[in-house]
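So, here come the structures, one by one.
Here come two complexes built around chain A, the first alongside chain B, the second alongside chain C.
Presenting the complex of A and B:
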């Protein structure tokens, strides 16, 4: 084998640091074997650099590669997909550290560490991690610079400084590219990972689910309104509807034999009848807003009733919901326009009526009997619904996060016995009663309310804002929203869960959080960090086609492909031009001293007069040439040479004085010029 | 065809970067192109960009833009690292034809640093390049070996100055002709009979016995005096550096003469004369050299030795500025 290439010590320091820092974020949640392998391989490499160990042979390296690939397959069940792929990449990359025999291997390690560093963004996307990545990028670049400066005695710090300078120069161009390069749809589908389910809504509602959810302070989504947001009590963020009740749980249901065009509409497709009618009947107030949805692993999107979208990635469902075409695995942003009212004169098809009236054939006899009796007394559906709400308000019903357990006949038990419950209890009881009275009804699940971040004037909707309510079909009015919780605990709707529970004398659920979040300072700080996180999510992580279009059309008017190309060309061109100018400016010659200028002027003069150019011998070397041209000039020129030599070689201390000598030399030079011209 | 292309390329280079004793590199003279690592790096940029699109990950996309911008910034940096360096032809160290000489290249930095510049002759691909770094405004010089194929002035060809600093993703280079020449002395070729008159060498015998010379006295050492004649004892006694003076040898002055090598072609004559110059210098004997039209009076010492060799080397060569 040829001589083994040694990374210079001053560069190796940065290389080792860069490699460790690039790998570190991947190890945090990696399987144990990968953590161990990374540590062993990096330490091994450090010992090699110190001369304590030798590079392993080809057999051992191959064996290790197979072992690591096997371990990846064993841990992830695949080597495809981001998580497994990145684990394999990190393992192979650490192994590559033990295979640095040539300069080429060092380059491969550096370029691969850039790649490994970039994949950190598959795991984390916040601003702090981005700063971390930029710092590590600078360190790896310093290592690359060190490799290209293979002299002994170079200081490592120099490399870092040069790397920092390069990054600063690169930043403007990077920003231009980031803002202007068109964001396009994914070119092909890449394998992606199933992530563990997160807290959030599920496709069915069983007892206790919503109240559990409501105890989580986790962020569900953020909303940014184009204008003023609607008042708190009108902020019902609809996510999904439960139309099927089996006696125990409410769940989403799609009837069989129904054409999917009857259920969902995807923008760009031919609009079905129900969608046409929906669009024609919309009225009332209009809200335009953007939602930044945290990953849910579900396709449901949250919006105010009745939402309209025009992006083909989304679908509008017949029950006024929005759906994404695939599950939401990353932060997801979308624009919605909602109309608050409908002049609903929509027919209710038989299948839909049937679905929304369906009840188990038996159970809860008391509730059923009361529903029938009330329906007769009420006369109209509206009166029936109102009576139900009044009943909740006037009877001693309590709003609580910790309701007692219900028996088999859960509706009966709740209505006539416990009378303590959370929104889910009220909603399912009301929906049951409506159906029992022959009024089509369904449960809507989503969030209600939201906290305003005054800094960013956007809304924060947390899991604790989770809520369910009821919609009933009333003749001449269509689907009407009803919230029995508002009847029991109006504070919940007006002010939020925390206030509502406090009014009911129930604060234990938030006990752990209270001490921390209640202090005004912490609250302010929380809003502050949320604001920056929001800006980051909105403008960097969530910078997509739509924002790009918005930003560019705000700056340059309507965006056509041609215009975009021109803008990109001009912007990138001007940045490059600026860099080029800076380069030339940095490259100009150092300014000359007066005596140097004097020398160059004299030389130019003589060369122009046709005297042999002989820079090697200094001015005196040209004396013979001058004499040949004009003996008269030679005298002055010799004097000039004398002064020049004295100043430059014998008495450089006199240079600083300049003054008279400078003048005298200039006079002599003019004399030479005159004599030569003659 | 190949030769034609090369000739055309040589001409083009000569027009673009004409030979000069002093050359300051600028945008006209510096070429730049990515290295294979540069292409590898760009491939990674493209992969990250595609990954960013497909995973709809703006930050990965931004990272790939950052790498791309770094590449573009490094075009500028690599260029600047080479541009504004001034190369000046320095001195040369002559050598025997068939062996190596060396020439000096002086480098003057601009107002910015120039790091990791690699110098070698364009034609000598096998030669390991020499590395030099200049901090802002600094000056340095590099001696490059020159293979001397024949006697006389040897043109080492164009100088190739290359840099990959800072990132190694791009290579900037220039081919500079500093109008360099290195002098090659004739290859010494032994001959049994001395082409000499005067002294015993005429008979082909060598005179070893310095004792037959008359010691005349000492004088102060002057540069060029043979180190053999230095009075080391006096120096050891602390009386300064002195040279012992001898009378001319009894046999008279020794002349190495061109005319005595009848029947040989000029190069062969010079080679034999050269051998004898080396030989006589080695034994510390004074000698003179007589060539057609020029001669060097007998003497000894390193300066004399060099003068004799240079005379042999320059015989019949076109005149050239000696520096």
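Presenting the complex of A and C:
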């Protein structure tokens, strides 16, 4: 360890900056010990560079490695998985800084910087971060250039310029590769982070869950309609159905002993009867749109009822849900056509009827009694449902995010006692009552509404738009959507949660930031950033297998691997060729003047006639050869020589005047040519 | 005016027999205000040429025979204490003249060579802190034995660069030599030459040289020769910009000798050898032929596409 490689000062500046910037995004959400360790190690390395400190010995370094690995294990419980793995990587990377003994180590640090930088995309994937990554990429490249620079006195700014130039040159090729390289499904998936809790729907609805969700401003998904979007009150984004109630929570039900073809249909498979019928029943208004779904770690997808898809990545369920074939870990884009005015009067199989009528054997006696009494008075199922909705509307029920706690008999307590609740309370009470009255019913969970970004005319659906409603099976009408919340607080459906709560005099829920985020400027800014984020997601992140296939087959017809390889080769080749030609063009020589062309024409003439082929001969030098070999041509040639010498060497100012001299010289040359031929 | 130059050339050629090109080149070198290095074996007429030049152009002439024990003061001069006036008076050295013949310059030590070469470049001499300008014109003709001879200090390349031209005379042709043997003593004859061009006329001619036209195409040719000497890989180091300026100046003087007020490529080609050969060292194992030949064959007279 006698000699330590000194990174040249002009390169070290970029290397240090690149390392810090590559690590920074990871540190933002990292545990405190990692932040502290990174700062200490980087500062340590800076002090070594300044000669204030020495490189630590092997024992100390080993100890630090074990300490940091231990800390990772302690705070993540594992060293596998993206979050823990990246933390370990960042820690080890910072340690490597204290190990730059040789030039080789500096290269390792540079390559690791690139890698650590790339892992930023595991955490963030938006447009701003991409710009950041590109800038840091440029800085790290500048460090790499600096390390390889032989001179000591060079200015570090030069490296950055060279790096920028390299990146600009690489851009066209990058675009070609982006558009053309086949998107292959990953061979393995990163283990998902169970610890990393995502806000969103879950497969059961326990008390208070939706109201908690409603307080999150996080984006759930964006929707881009081919035409006009449906009005606000019709935007019910169906995600899940809860058919099973155990007295306390509603949850998804997977019926046992039922053929899976009875439950789901995957495009491309042979359609089961229920799907065949559903397809034949299509009528009325239809909407075509593309959904850009944020990762949920769950397989369900959101769409307007009734969705139809023709992509084998998705499945349509019998209860009109859309499902992905695997969990959604990345931004997920899909196209849907929804028919919103269909009558869903399919025959209800016995198992489905049974499932949607099931209730716990006891509990909520008051509610059950009222349901039975009302059913008798109503006469029909429809009348019963309407009476239920009227009851919510006319009695003093309140819509609130902060309902009082309910007792064991949840439905009784809510119906007759508290009467203050959020959509989940109304929906589950309604579903309970319907089932108690012998009407098949289930709860549908999803989102309702959505804000229109006027810049891009796409819809933004946030977690705060989370909503649950009810579907009931009525004779002759099939499944009918009912929203008890709309009966209690029509503003929620017409204008959104925020307005609804304000109307109810409840504004605390959104906290003190409201005044700030509500200002017109901030709203405009929010729309703006959202719009560019949307474009980014739509065109770059959302550019997946499907979009690529559509684009390529639209341009080149059917895509076979051979054809794709040829297209890629041709595209990359032509980009490189174009850049090569640009370089040539930049280095091109100025065009010849007419008198220079005249000289070379005459020269060619004499060389061809075998009179003179000495490259160092000017006109005078050639004259001797012409006189000796072809006296006939000598006269004209001598005149030509004189003109040339006069114009080019003695009186170049005459060249500008022109005046038939060019013509005259050409005539003389032809004369010489004729005499030479003879 | 121009036939004066022809008469001067003829007169010198009467003394330096059979070497018309070298005579004209040395006159061109003088007109171009450059210093001349004559490299040859002893007894080839180097000193005779220098004498004849001085007489013909009526220049104040000094001659220094360089030896290995010579000191800079022997050339530049020295301050001497005069007991009568009790003051230092400067005794000027032989360098204070218009044409200095530095005979066998490579016999002196580098220190002495350096003193002379500095005077050549600056055209002034600093003695005891006082700077004294040398006469105008100031023209050095140095002679040099080929370095293979014993007891010589070869001039380093940087100092060779100070000489505008290097020529060598070589053995005379047979008939010229017979004429030489039959005739009178050439050295005596050279001392008896009448002046052809007086100082004002010479200065006028020298001013005229700077006004000889070098057109864009010609300058381009010169530049391409310089670039080729640097980029072709034929030489260890390319020609300096000073060499390029010298080449163009020499070509102008040569054009004036040819009674033209503009330079043509042939002028450049003629002076190219004397001007660049001593500044270029070919890469060993490179192409055959002199540096001049290699350059001329590589660079077309007119720019091609």
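As a convention for this text, the second predicted complex is superposed on the first by the 407 of 678 C-alpha atoms of A that agree within 3 Å, B and C clash if a C-alpha of one lies under 4 Å from a C-alpha of the other, contacts with A are read in each partner's own complex, and residues count from 1 in each chain.
To be clear about the criterion, a contact is a pair of C-beta atoms (placed from the backbone, for glycine too) under 8 Å apart; a residue touches a chain by one contact, two chains touch by 3 or more.
Owing to the predicted nature of the structure, the values given are computational and were not obtained by experimental measurement.
In the superposition on chain A, contact of A:563 is made with neither chain B nor chain C.
After superposition on the shared chain, chain A has more residues touched by B, the comparison being chain B against chain C. Contacts of A:130 after superposition: chain B is touched, whereas chain C is not reached.
Of the two partner chains, neither chain B nor chain C is touched by A:61. Judged by the touch definition given at the top, the superposed model places A:353 against neither chain B nor chain C.
Using the contact criterion defined above for the overlaid structures, shared-chain residue A:141 touches chain B, although it does not reach chain C.
In the superposition on chain A, chain A positions 589, 615-616 are in contact with chain B in one complex as well as with chain C in the other.
Contacts from chain A toward chain C in the complex involve residues 589, 591-592, 595-596, 599-600, 615-618, 620-621, 645, 648-652. Looking at the complex, you find that chain A touches chain B at residues 82, 104, 107-108, 111, 114-115, 117-119, 121-122, 125, 130, 133-134, 137, 141, 144-145, 147-151, 162-163, 166-167, 169-171, 173-174, 177-178, 181, 183-184, 186-190, 192, 330, 540-544, 576, 579-580, 582-583, 586-590, 615-616. The touching residues of chain B, when paired with chain A in their complex, are 21-22, 26, 37, 40-41, 44, 47-48, 50-51, 53-70, 72-74, 76-77, 79-80, 83-84, 110-112, 115-116, 131, 133, 137, 164-168, 321, 323.
For chain C in complex with chain A, the residues that touch the partner chain are 213, 215-218, 260-266, 269, 296-297, 299-305.
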